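Labels run A, B, C and D following the written order; every chain starts at residue 1.
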Amino acid sequence: MRGGIWGMAAALACAAPMTAQAQTAQLAGRWIVTVDYFGTPTIWTLDLAQDGNRISGDLTGDVLTGTVKGNEIRFLAKDKVGGSEDVTARLANGRIAGEMILIDGAEQARMPHRLSFTAKRAPQPSGGPPVLHVNPGDTIHTATIDAAGIDAKGVRRAAPGNPQTGPFYIDGAMPGDTLVVRIRRLRLNRDTAISTNGMTERGQDARTAVRMAGLGKPVTWRLDRDKGIAMPEAPGDALKGYWVPVKPMLGGIGVAADPSLAAPGSGDVGRFGGNMDFNEMGEGTTVYFPVAVPGALLYFGDGHALQGDGETTGDALETSMDVEVEVDLVRGKRAGQVRIETPTHIVAIGLDGSLDASFRSASSSMFAWLAADYGLAPADIAQIFGTAAEYRVSAVPGRAAGMVLKIPKARLATLPGAPKP
Amino acid sequence: MRGGIWGMAAALACAAPMTAQAQTAQLAGRWIVTVDYFGTPTIWTLDLAQDGNRISGDLTGDVLTGTVKGNEIRFLAKDKVGGSEDVTARLANGRIAGEMILIDGAEQARMPHRLSFTAKRAPQPSGGPPVLHVNPGDTIHTATIDAAGIDAKGVRRAAPGNPQTGPFYIDGAMPGDTLVVRIRRLRLNRDTAISTNGMTERGQDARTAVRMAGLGKPVTWRLDRDKGIAMPEAPGDALKGYWVPVKPMLGGIGVAADPSLAAPGSGDVGRFGGNMDFNEMGEGTTVYFPVAVPGALLYFGDGHALQGDGETTGDALETSMDVEVEVDLVRGKRAGQVRIETPTHIVAIGLDGSLDASFRSASSSMFAWLAADYGLAPADIAQIFGTAAEYRVSAVPGRAAGMVLKIPKARLATLPGAPKP
Amino acid sequence: MRGGIWGMAAALACAAPMTAQAQTAQLAGRWIVTVDYFGTPTIWTLDLAQDGNRISGDLTGDVLTGTVKGNEIRFLAKDKVGGSEDVTARLANGRIAGEMILIDGAEQARMPHRLSFTAKRAPQPSGGPPVLHVNPGDTIHTATIDAAGIDAKGVRRAAPGNPQTGPFYIDGAMPGDTLVVRIRRLRLNRDTAISTNGMTERGQDARTAVRMAGLGKPVTWRLDRDKGIAMPEAPGDALKGYWVPVKPMLGGIGVAADPSLAAPGSGDVGRFGGNMDFNEMGEGTTVYFPVAVPGALLYFGDGHALQGDGETTGDALETSMDVEVEVDLVRGKRAGQVRIETPTHIVAIGLDGSLDASFRSASSSMFAWLAADYGLAPADIAQIFGTAAEYRVSAVPGRAAGMVLKIPKARLATLPGAPKP
Amino acid sequence: MRGGIWGMAAALACAAPMTAQAQTAQLAGRWIVTVDYFGTPTIWTLDLAQDGNRISGDLTGDVLTGTVKGNEIRFLAKDKVGGSEDVTARLANGRIAGEMILIDGAEQARMPHRLSFTAKRAPQPSGGPPVLHVNPGDTIHTATIDAAGIDAKGVRRAAPGNPQTGPFYIDGAMPGDTLVVRIRRLRLNRDTAISTNGMTERGQDARTAVRMAGLGKPVTWRLDRDKGIAMPEAPGDALKGYWVPVKPMLGGIGVAADPSLAAPGSGDVGRFGGNMDFNEMGEGTTVYFPVAVPGALLYFGDGHALQGDGETTGDALETSMDVEVEVDLVRGKRAGQVRIETPTHIVAIGLDGSLDASFRSASSSMFAWLAADYGLAPADIAQIFGTAAEYRVSAVPGRAAGMVLKIPKARLATLPGAPKP
């Protein structure tokens, strides 16, 4: 399947049509709720079970019970800290619309707020051949254009600035799930890459800055796909004969952080991935994303034929790629951060504003991972870090200065609590 | 040769005795000059050639010409920026003592200063078997005790706090030279190592800090020297079965930064090395030190059976070691920083107060190295960084947060200007 | 004038209607051009002069000449580095639509690209009473709600999360101009503020983190507007009697960075301002913004009754405010960064990911300011910094760790090149 | 009293002579113990009370009981975690010498160690007029030379490099006490100061670095002591007329961190102060130092006529000073860090390797101070920080990037637990 640029409007149109029920509305199943929170649309989930005219279930984590009479719905949902939603709604044309009296248990003054909302059924795995919708278990076959918007044939296909392929709507992916993305195949599909001869300011002291002044110009690299190496096209005398093995990778891969988010591809990063520019994001690597919006909205791009640690040139060897990625879902389990698994390591990534902060967050993210998935106590984790940690710089040219903490899977394999493959 | 703790007094006593010359003093050769610089003793060098009663040479980089009559010496030395030393001195008992009128070319107001000094002949390579003096080309066979001062037999030999073996006085090493130290052999010599179950504060966010509170206690590791692995002696349930391959390394290796420096081993680092705790400082690695004081005063210690990147536990697997290092000199050539060469990489190390600063200094140090030794232009270096840089964290528990930049030697081997092995 | 929430759609509808000309279209004046740059809409400007059927002018900085025949337009624009736009277009219904052959002088390979575009006349200062449009020289009289969306009467008016008042469209403001915003009046309008009892992680070492665990709860402060002080409503025993003078400020003030930017108010910052949380952003302070989009799109909000340096609690004393700001334009002159002028100081602000990076960028921003506006040489600037710099932390809880560099205006007033007031 | 350079040897010679007692040695009082800890001399304290032949007291914090027979001494001291010292010693010639069996309660394996030690009586406040010894309550009247070693008359008195005046031995100061140093008077005593026209690398981005290349040259400033202002002696055209009010301060002030420490004045800093370069270290300011060695060994120097925040020039307006400081002791109470009190604020200082780390440590140090001395709970402290914190950069050119956190004393004065003046 070859992906193009996908529009949000198309996805919204995919909601399965519903017929209104004659006597008692049939509500069982998952609904996507859009709450008008003082002018800001906010996405909640509603899971309902129904026994005659009694309903029960869960409203974004709060336990609910209530009734349905004809199309009239009433229920009360409660959290554990004194908050509640008292809901009055009505089913019409397959959609629920109504109001709730919200008492926010986390607010200091428990002032009730009256909020309106609408809900539609969560999209089901569609039977027919989707174009941009993808089912869990599917493999996406596509191609990415380079960071300047150029494709395999040298044709400009989009504006420069890390244009991404996607987003892909993963059917059934809901907030609270984990999206699994396995990079099955990642291959060069042309003979050139573009880089620069500059160096990130983060790597320059004053003396180096004086020597580097005026650099940062584009340079072309030849990609020899048979030999698997790259060479500068017009090296200076002292660089003649220089070559590097290629190691294809995706600079950008992420999911939507927020339903109101501007289009992806801006070059920024966060806990939902993005322009991470980590040079082990290649064939055989799996990425785990927390799902924040229905469908997850996966995108990827910014292929690099290879990249040194830190991506100190700002542009790595930017080129187009043939890509196959398999997507899957782990329902109801979600980490707070993107997680990465290469063929040999588990990898936590820190994407903060300095290397020191990213060292801290990568370490703390791995600490939480080992505690949650391997049942390790803090003292155990300290000892694993002390004997097996591998800290590398991922990329520093952007707003984030990325650092990864890698733990070899061989070290963890013998632990009693290690997850079974 | 087995080294012990070596005292400065012993070295001073090694100066070869000189007999005063009857008619014209014979001054040719190298002298170590101690200048009383307004109360602070400062070490200079004096290289003299002699033709009858005419002398010429070099006073700490300034070109000199002058005369000697009997034991009376007069010469004038000049630098390139208007500075000079006008010297009147006398040879007695094999030592030169005198005064100079110094005009410091770098000072704003070129006010002449009158300074007194003494000089003695630079130590010569001694003919007999030295105990703690070492000749260039020699190999030191010794053993290091662990960071707590315990030796291979479990006997405390020194106070805790990274006690070092040495210093070794390298005969002929002078300021302006480079000391080459090749780690020929580095082997475990006992069956236990001591580490801790804590984690450096640099790696803890607030949530992790709460979970780690109270940890940092010592833990014992078993070293299986036949299998080449280490295992915690009393692991928690979830850590049972954990093992790691050993990879012996020297946590500390350095030379004296300053003649007035306090004893080494404080755990600090700088451009003369020290407690760098870089986990590739093992068998096969060569370290290049700028020489700052006569004899260089090499020391090393703090052996680790293995260490994760960052030495996040504060103590790695601390143990005693059998050590063989070969020392050599490159005369008259000196980098501003310690440089490291492993079997596969050249390595620049940043030892500043934050990872961001160390990223900057490791990068700038490697930039200078590639420019000086490989004849590469700034644009060339940028491209090598962009395609071959490997940035790893060395150690963060101390005052410095160390980061290394490694470039594979395989990438540099084909360059026209690559140094011949 | 009291501002509300302003929609982009409204602004687009304000374009003055144009009648097509019978014989030769009348094109003189400024046009806003939207270029479809490979799928990305990009805003350019077109300034045209007309003499019969000959036209000349400037297309986003490139000098153009051409002709108009009836409604058919042709011109060629050139830059100084070999780039050009060869334009064919047509006027219809007051809008220009057409195509250009673009050769990008900055691209390595000067491949021509064919791009389509439309243009409409730049909005003129409107004669009638605008509601959300503002003329240069106007003063906006409005009120801001607090960071939680609550107004002066305690009524929730928007969702929490730093909701902003605006944006205001400044008539005539174009990219390349500087928007001047003078805070004329900033007054408390209710008797309470909300803060928290937590502390930013950036200020906590591990020991402090353990002691602060679980804090970060909201706390209410009383505002005594007569005495001009604030007191915690329910202080702990040891805090009884604590009071602080109020010093009202706007936490957020900014302009649009990009036409495609999501709604402001997200709490982020950049060179177009935003949630800067600098506690001298009060009455008497002037802010200078680079204009990036037509109309600039000014917004502000997040009033604080007072705030300690660093906003270490995450929330300062959040409250609603009565606000009067005067806006003005400096046409054709633009700094790369927001600049601030208090009654006593000029202030450069660094808004990077660490205090060290913000120290660097605030210093470099002030360096550029003093060089450009005071005619000072680098050595002069160094001496001013060395004797008059005041560095303070602005706010650290967000993604940026802000730091300001202040120079007293009294120090600069006597300089020969000082701008005349 | 005018201080000069004081030698350690003189202090050691001041120990009061003791006569051996005929029958039962009289041991009551304080002793300074030097323990040979596996080759490293370590300073402990011994406080003894005596009732006939029974003795009791405290050995460096461990409670002891024992006996004395003639000159033979035996006692056992115990800590709270299972450690002990079993001591056998003898008094001779006014000194105690002996051995102890040490069991270190903090060591994992409680292996007994046999250590030898000697002890002499702690120096008493001397009756006669001391030259370099100072009694608590005394005021030191002296002068400091400038950072280049030049005195008030322009005569070089020491080598450049921040030469310090002192150290002063404060009679009775012991580890565990706090040394109080009040700067009573700090006055310029000549008409020039030396600074530079450079800028610290920490403040330069790459563009600024290019413009600043080659600067860092010395510049002379005129000090007009009548008007209280400073002016550059030969300003560039654009800097003509520039002047700044003087605000004299001590760049360096500290106590010995360690008995084996090299001479002070190296420009480094730490929790015992040093070259802090904080521009409020002037007349009226009090500094509190943790005492680490007997006598504390106070030193100060590096006077600045004035200094901008951050000391971005590396050298501030360096000049000589007339100085009066009063010293005092708070016995048995000690903070872990240097603390500062200006006429208006209490000030915690962070002296770490980055501004971010120093922000953290200054915050955590102030947190501990407010908790300990004002009885405030963590939530209270958070609120004080949030409303009254003032964070300023102290100095960044050295190895540490210093930042201070100031809290106005006016804010704290009304708190129930505020220390009484």
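Criterion: contacts are C-beta pairs under 8 Å (C-beta built on N, C-alpha and C of every residue); 3 or more make two chains touch, one makes a residue touch a chain.
Here the structure is a predicted model, which is why all the values come from computation and not from measurement.
Q: Please identify the chain with the largest separation between its CA centroid and the CA centroid of chain B.
A: C
Q: Where are there more C-beta contacts: B-D or A-D?
A: Top pair by contacting C-beta pairs is B-D.
Q: Using Cα averages as centroids, what's the distance between chain A and chain D in whole Å?
A: Averaging C-alpha atoms per chain gives centres 52 Å apart.
Q: How many angstrom lie between the centres of chain B and chain D, each centre taken as the mean Cα position?
A: Measuring from centre to centre gives 30 Å for this pair.
Q: By residue number and range, which residues of chain C touch two or more other chains?
A: Expected reply: 204-205, 212, 217, 354, 356-357, 401.
Q: Taking the touch rule as given, give the residues of chain C at its contact with chain D in the complex, in rising order.
A: Per the touch definition, chain C meets chain D at residues 195-199, 202-205, 207-208, 211-212, 215, 217, 219, 230, 232, 235-244, 306-313, 316-317, 354-356, 359-361, 363-364, 367-368, 371, 374-393, 396, 401, 403, 411, 414-417.
Q: Along chain C, where are the residues that touch chain A in the complex?
A: Checking each residue of chain C against chain A gives 5, 37-40, 42, 108, 111, 113, 149, 156-159, 161, 194, 217-218, 220, 260-263, 352-354, 356-357, 399-401.
Q: In their complex, what parts of chain A are in touch with chain D?
A: On the chain A side, the touching residues are 201, 204-206, 209-210, 212-213, 354, 356-357.
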